[in-house]
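Presented sequentially are two complexes of chain A, the first with chain B as partner and the second with chain C.
After this line comes the complex of A and B, so read on.
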């Protein structure tokens, strides 16, 4: 009983100190410490305030307590076992197999360990996606805490969203532009007559086409155009000609919509 | 048009679905939108080269919509006597352009330039996410009037 009281006292001193680092979540952390204490009495010595002044030694979750910096170069710490990871995308702790909370600074390329460029290998992307889902899927965490089940749901959804965005050329292009601060999806009207006439004619042809052979033919033509403009996008993007890149993306959007129409008809 | 039929089916389903969930927001197309869809008015084209015709061709690249609105103008009075539209896009875009063709008929060109997208959106009860469709319709009207005026200048100048 006395020991417990001492522990609570020391913990509340710690949490007062902690408040300077992360005011909003200090209560949460105190609770987690008490819980872990009751289960792991052997680790008690690490929580004596006299033993260390550095917050890093204490098993609080997350990056907020790492030495002041909040950039991606700081290592992440598992909330459950405290082991640290140097990975940019720390979604899952390999030591204790716990799922980690979402970190908004992690982008989709980091999740799949890819360079932030437009070209990628679709096969390896799918493989990595499946590997992640084997670890993060909510179906695998039925017997874990509510907190971890929530993490699983969030991480799994994020990974799925990342996979979907990066698999399709158009969404990948828009995402990579977004990462560079160029938001493509603005609701502005365009009046370029050449482009619009072409698209108008294309859509009219699609709506008038009646047999699947004709539609397939049109589809392969449109796919050809998509590939062409996708290549133009890469070129424009890599040369930092961002306005041109946006135009390429606009064209690709129109061609993608045309493809969707064809698929609907088929 | 097959697109319309397919979309009609989709719209039909959404409009007739009952909403059991009290917490979620259920969005369906307003009956005005469905009306314009089931009974489209003024779908079609005029001859682009006709000197009394103004053609407005606009697009919304964000969603891949393309809208063509044409007006037929009485040269003597400057009044719009007829209008046609052709739109490839969502139900809201199609309905917006349909409403636009209805509203411009019988009006003077200067008057139609004052038609605001907010009025179209209100008439169709468009949700915020579809407001750009009504904007597209407003832009289409302006483009059609501009095209007609430019053509007039050309023919008068020649």
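After this line comes the complex of A and C, so read on.
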């Protein structure tokens, strides 16, 4: 009886927590408030320049990325000097050093010149991320035109988002699913009783753990689980068993949260 | 980035001096200023390296104080004190960085009441009354005014030496400063005729200097720009700050920041309290001078002899040893440790992956502080390539050159700082809870949003109250501003979707947007509200209470539970 009540209480806190902090969903949902009237903040207006013609609109779904089709990118042409580039991600013109407007068909993997694969070396992202920021960061384009500064703000934000998304296993998994046309609803409630039970127990162990040694131990266990599910995700994803892949993502979500909980307590 | 928006703190306040006319064709190199609680310095990129300016007495570190003894107030740049004690007669006002932008209920303000000038508090949430003793009368002033007087002297000194107008500046600030405090710094700069290009958290300025040094070293070795992770610990008289930076190819990416208003002044006051024979002697000027000196000597010796003659027959003669000193200041040292631990955890960096530990600021000379940091970071060796008292101003000068668009043929300015938010910004919701929209240590520029909904049926209006901080309850955080959204269509509670979006741009300007949506509709039902924050003024501690007294929970919000 007592235990059951505890279970219910925990589930409700778990679900509220999940909703309050849903970093990945809020980052995907790049809200854009576009106002065509004149105002001083160019940064805002330019956040999604493609829709700037619309009078006033909010978009919550974020940019939709077409799957596969953009692989065969045709050459892009620099708005400034007219030279063309064969690069997949044409953010910056190498011949005249001007920053290009955002191209929604460029996905996060292309930005980092990576294959569209889940497994990647997170360490290699950092270097490329910094290289991009040295070309695109708003701090470094003071002497350029307003138009180009707007492009810089957009591109730099996109590269940051790409970096953030691809660095973490969980958000990377969700993103690659999205590229394949599968939107993962991480808010979906878990119905599998065994998983529910496991989560409950895990939470209990975490809340009862007292010293950092114990917590560290739990953390490495959780991370091991995370790794396992991440591996299962790769398998499921590569063999196009998307429903199973979604399940893996859900489990990764829970273990990720458990990790956060542990770190908070440490 | 947006130049005009950054000039003046508020339109109701006039900028003290006319801006100097500089040639618009040549990019003016912004100077870097490190305004310390006790000492200031100013530096500039001279075309090939950072040059720290000296005052007429050949000092690079200039005491931060302003005396009001004559008709014209004079700051530490031009003013020569006959002796240390003169700063303690009540005519000089100092420690402004501890007081600026704080209300009279703040414990940091209360801790300043033992200073020789007047710090009067009424404990009602307004700015404290600050005054200097001039000819046996209290002449009132404000922290902004004192800082502005000092900055004018710094500016004039720099203009005389650089033989050009100086207008653009990069200033270093403590990590723990609220956005309201930052507006007060900008206000002081505007009064001094200076235009703020960037306010840089102190350890991030040091991080930029480190990034430059690392880049130069890797150039020399022809190595690839491999990433180096460093902890930067900065502790001066007023504040303790920590940053974790990941550096590669001249780019310093700030992984995490942590800071608190604890510093040498607290150590000094703890120690004075310990030494003073009676509580009424705790604020004595001679005791302050003697204790300060003893603390400095304790960094090199195991024990020191302290002699104070109060001049009224009372005297102190005491031996103070290190362990006693460390016991007296236990609270300060514990806070230092907590900050380093928290920062490492937030950065998700394992101590084994740390390449360097950098310690700067006056308090970094204290053996106990060094021991704590080196112990937490598990590093015996502290990075030696920076001067602890000059690193911040050098970094600020580098940032000044970079943001002024200066290029260096040798690549010395091929630098970039990717900042992180020091404090979370969010709104009041779910009762009196603080709900972060942009969490702390988010990469800047940042834009995040969250959905909220109404708490009453047919609730037509809602208050968006914006706070900054880390506390779970709103009361523990800094109020930044508030506005009301109106015209929410009649609907059952929980149905309208109120989107609150926050945007921090590269120059750290915060904008808050709020939009009302109804399920199914793609566009907002009323015009979107955009507010640049902070909007609060002095005495803002009252506003939240007044709002709560007037509206209760009638205009409340809760986070939206998606079905």
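Here, the second predicted complex is superposed on the first by the 192 of 266 C-alpha atoms of A that agree within 3 Å, B and C clash if a C-alpha of one lies under 4 Å from a C-alpha of the other, contacts with A are read in each partner's own complex, and residues count from 1 in each chain.
Here is the rule we use: a contact is a pair of C-beta atoms (placed from the backbone, for glycine too) under 8 Å apart; a residue touches a chain by one contact, two chains touch by 3 or more.
The model shown is predicted, which means the values in this text are computed figures rather than measured ones.
I'd like to know which partner A:164 touches here: chain B for first, chain C for second, both or neither.
Touch partner of A:164: chain C, not chain B.
I'd like to know which partner A:137 touches here: chain B for first, chain C for second, both or neither.
Touch status of A:137: second partner only.
Answer with first, second, both or neither: which of chain B and chain C does A:256 touch in the superposed model?
first
Mind working out whether A:126 is in touch with chain B, chain C, both or neither, as first, second, both or neither?
Touch status of A:126: second partner only.
For the three-chain arrangement built by superposition, which of chain B and chain C touches the greater number of chain A residues?
Greater contact footprint in residues on chain A: C.
Contact-wise, after the overlay, does A:266 reach chain B, chain C, both or neither (first, second, both, neither)?
Second partner only.
On the A-aligned overlay, A:179 touches which partner chain: chain B = first, chain C = second, or both, or neither?
Touch partners of A:179: none, neither chain B nor chain C.
Could you look at A:153 and tell me whether it touches chain B, chain C, both or neither (first, second, both, neither)?
Touch status of A:153: second partner only.
Across the two complexes, find the residues of chain A that touch chain B and also touch chain C.
187
What residues of chain B sit close enough to touch chain A in their complex?
Per the touch definition, chain B meets chain A at residues 1-3, 6, 57-64, 66, 68, 86, 88, 132, 135-136, 139, 143.
Touching chain A in the complex: which residues of chain C?
For this pair, the touching residues of chain C are 1-2, 4-5, 27, 225, 227, 246, 248-251, 253, 345, 402-405, 414, 416-418, 435, 443, 445, 447-450, 499, 501, 503, 505-506, 511, 513, 515, 517, 522-524, 527-528, 530, 559-562.
Hey, which residues of chain A end up touching chain B in the complex?
184-193, 195-197, 199-200, 203-204, 207, 250, 253-254, 256-258, 261, 264-265
Going by the contact rule set out above, which residues of chain A touch chain C in the complex?
Of all residues in chain A, those touching chain C are 16, 19-20, 26-27, 29-31, 33, 35, 39-44, 47, 56-60, 123, 126-127, 130-131, 133-134, 137-140, 142-143, 149, 153, 156-157, 160, 164, 187, 263, 266.
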